[in-house]
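Could you have a look at this structure, given as structure tokens, before my questions?
Chain lettering (A, B, C, D and E) follows the sequence in which the chains are written, and residue indices restart at 1 in each chain.
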Amino acid sequence: MLGLGCGSVAAITWLALRMDLIDREGHPLHLTLRAPLFWFWLLWEIVKANGQVIRVILDPKLPISPRRFRVPTSQKTDIGRVIYANSITLTPGTICLDVNETELDIHALTADGELGLQSGQMDQLVSRVEGH
Amino acid sequence: MMPSLLDGLSWLLLLSGCACLLISAIGLIRMPDLFTRMHAAGIGDTLGAILVLAGLMLQSGLSITLIKLVLILFFLLFTSPTACHALARAALAGGQKPLLAEPNADNSPAEQSPS
Amino acid sequence: MMFEVAAVALFPAMFLALARAIAGPTVYDRVLAVNTFGTFTVLMIAVLGFMTDQKDFIDIALAYALINFIGTIAVLKFFAVGDFGYQQESKK
Amino acid sequence: MSTLIDLILLTLMAITAIAALQLKDLFGAVMLTGIYSLLSALWFLILDAADVSFTEAAVGAGISTVLMLGTLALTRRDEKIPSHPRILPLFVVAITGAILVYGTLDMPAFADPEAPIHTHVAPHYIEKSGEEIGVPNIVTSVLASYRGYDTLGETTVIFTACIGVLLLLGIGRRREDDES
Amino acid sequence: MKQHSILRIVTKLLIPLILLFALYVQFHGDFGPGGGFQAGVIVAAGLVLYALVFGLDTASEVIKEWVLMVLVPLGVLIYAGVGVASLLLGGNFLDYNVLAHDPVHGQHLGILLVELGVGVTVAAALTTIFFAFAGRGRRNPTGQRIAQVADLAQEPPR
């Protein structure tokens, strides 16, 4: 049984190498050390943002003011930008529509969401996780 | 003492998770256009999933089930924003225009205060 | 008991997501609804596994969590960049 | 409580199926089929058929949507509306359905221990599987060992289906007209 | 063009996990739900995801068509071969008891091999069918069906 397990892992590794999947992008092990703290921070952000959006949805007047804007990114690599973009999408109330080298295209549900992102706190934290 | 505390906590987590999922579904119905609906769906994908799975984790104890639940949560948190982003991109490419509060001002400060 | 309540409490949300999938004016709304429904199903399967005390069910939830994504990506591919076979013209 | 879950789930399935039939946009119908597959996976799970549910989950979530979209890509996206009402098909379907329902009246009640299906080989499988096969999952031992012939047949069916699709779509011709 | 970096990176992370999970399902079928068929479908799903994100051309470079063509019948052959082997060892067709000294052990071995056969056939067959569907329109540039599986990642293979 154990042999089969090891065999499976070896086979998948071979296939993944063949698919050209294993590199710093696919398996960002160099980020692991700094990531957990960021995850906890992100979890708290998610809870806060959820609270806001839930209040908006339950409000009978449905007070949304959807807006679309761009925020600059300070990350150097693709993977940093991807972490940033996914963190933005993961916090309800803001969705990342597009990514390019210097900016993210964001859609936000309320003005609060926009203000939160424009302050750039998440950007800095992601850059710190990226560690460049 | 301990087991009842754990039970109570996981009750709380499960029920609030279900409430989150319900709210997200309500939002899915109430919101006026695709992009705002995505925000509503995001609640269920993040907080709802986290709370429900956390509630189950408290019940599973230290076992392989716990690891599997953590993996489920991990995968959900990875795939759902990606799917959401891909959907938004595809919708934009397909000619869907997001409904905006002030259609012409792209980067103006907020004035229509929410809730 | 707890899990039964949770399972029943999940159903209204599923109803609403289904309503969105049926009503959804555009294709993308339907995709979004199906995706959300998929998340609900993953959680539902996990809850059911605990409800009937068959922890094997978690495997199925895990499979859904991994694979549901593929369906969404396929659909979007179909409509976004390349379409695997159809130009975006009939949906306004 | 469990009955309540059954009822709600079946209602959801019925709604989904009817809506999928009603939709003229075939793409929407494909999406609803996806939802239907999710629901039927849940339903199998409630019936304690974990293996079937797993199959439904694996096939329904990834592959079937992709293949249906592939088919849609080769045909058209909206349903062709029949030019005249079809009485005869409706009649045939109604009669067949009525006969089938009549047939179920003679069937033993669900989970009746005296039912024929539970009195011949099933007890043997359930009692002896542990010592004869030694595999904890009885479904696997029935599928792969007691009913090995069936599964060989199924594998051959998949093989044949693959050959059939390849013949229909003409993948072998790729080498000749490769310059597209 | 690095437009779809999000999809590319997440896919890179996920595909090995999907394939690994498929093998887990394959070999864990004796204990929990799962088995050859499910595992084959999950493998196929992983390969389809790869083809969708990185493009059909890259995918068919990694997974050569002839390999798939060999694998589809190979699975059936493994299955039937186990039957023939048990026949040669003095048992009935597909009677695994004779495969090892201990009948139960023989059953284990037989089921493992048979499930492997099913898995190989299913995975290869579904992947082949997907490739056939996806490649079909590309070779028929008539009318509307021009644009085909252009890769979402929009990046030349490195």
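Methods note: contacts are C-beta pairs under 8 Å (C-beta built on N, C-alpha and C of every residue); 3 or more make two chains touch, one makes a residue touch a chain.
This is a predicted model, so every value here is computed, not measured.
*Asks:* Would you kindly count the fewest steps from chain C to chain D, each step being a jump to a chain that touches the current one?
*Replies:* 1
*Asks:* Out of curiosity, which chains are bumping into both chain B and chain D?
*Replies:* Chains touching both chain B and chain D: C, E.
*Asks:* Just how many steps, at minimum, does a route from chain B to chain E need if it may pass only between touching chains?
*Replies:* 1
*Asks:* Taking each chain's centre as the mean of its C-alpha atoms, which one ends up farthest from the centre of chain D?
*Replies:* A
*Asks:* Whose C-alpha centre lies nearest the centre of all protein C-alpha atoms?
*Replies:* Of all chains shown, the one whose C-alpha centre lies nearest the global C-alpha mean is C.
*Asks:* With contacts counted as defined, which of the two, A-B or A-E, has more C-beta pairs across the interface?
*Replies:* A-B
*Asks:* Rounded to the nearest whole Å, what is the centre-to-centre distance of chain A and chain E, using the mean of the C-alpha atoms as each centre?
*Replies:* Averaging C-alpha atoms per chain gives centres 31 Å apart.
*Asks:* Between chain C and chain E, what is the gap in Å from one C-alpha centre to the other?
*Replies:* 24
*Asks:* Nearest whole angstrom, what separates the Cα centre of chain B from the Cα centre of chain C?
*Replies:* Distance between chain centres, rounded to whole Å: 13 Å.
*Asks:* Between chain D and chain E, what distance separates the C-alpha centroids? Give it in angstrom.
*Replies:* Centre-to-centre distance between chain D and chain E: 20 Å.
*Asks:* Hunt down the residues of chain C that sit against at least two other chains at once, touch-wise.
*Replies:* 14-15, 27, 31, 33, 56-57, 59-60, 62-63, 66-70, 73-74, 80-81, 83-86
*Asks:* Residues of chain E that contact two or more other chains, please.
*Replies:* Expected reply: 6-7, 10, 13-14, 17, 25, 32-34, 38, 42, 45, 48-49, 133-134, 136-137, 145, 152.
*Asks:* Taking each residue of chain B in turn, which ones touch at least two of the other chains?
*Replies:* Those would be 24, 26, 38, 75, 78-80, 82, 84-86, 89.
*Asks:* If I apply the definition of touch given earlier, which pairs of chains qualify?
*Replies:* Pairs flagged as touching, ordered by label: A-B, A-E, B-C, B-E, C-D, C-E, D-E.
*Asks:* Please output the residues of chain E touching chain D within their complex, sorted ascending.
*Replies:* By the definition above, chain E touches chain D via 25, 29-35, 37-38, 41-42, 44-45, 48-49, 65, 72-73, 75-76, 79-80, 83, 93-94, 96, 103-104, 107-108, 110-111, 114-115, 117-118, 121-122, 124-126, 128-141, 145.
*Asks:* Quick one: in the complex, what on chain E touches chain A?
*Replies:* Spelled out, the residues of chain E in touch with chain A are 2-3, 5-6, 8-10, 12-13, 15-16, 19-20, 23-24, 26-27, 50, 54, 62, 157-158.
*Asks:* Going by the contact rule set out above, which residues of chain A touch chain E in the complex?
*Replies:* It comes out as residues 1, 4-5, 8-9, 11-13, 15-16, 18-23, 25-27, 78-79, 81-82, 85-86, 96, 98-101.
*Asks:* Using the touch rule from the top, collect the residues of chain D that touch chain C in their complex.
*Replies:* 1-2, 4-5, 8-9, 12, 15-16, 19, 23, 25, 27-28, 31-32, 34-35, 38-39, 41-42, 45-46, 48, 50, 53-54, 57-58, 61-62, 65-66, 69-70, 72-74, 77-78
*Asks:* Please name which positions on chain C make contact with chain B in the complex.
*Replies:* For chain C paired with chain B, touching residues are 2-3, 5-6, 9-10, 12-17, 19-20, 26-29, 31-33, 35-36, 39-40, 42-43, 46-47, 50, 55, 58-59, 61-62, 65-66, 68-69, 72-73, 76, 79-81, 88, 91.
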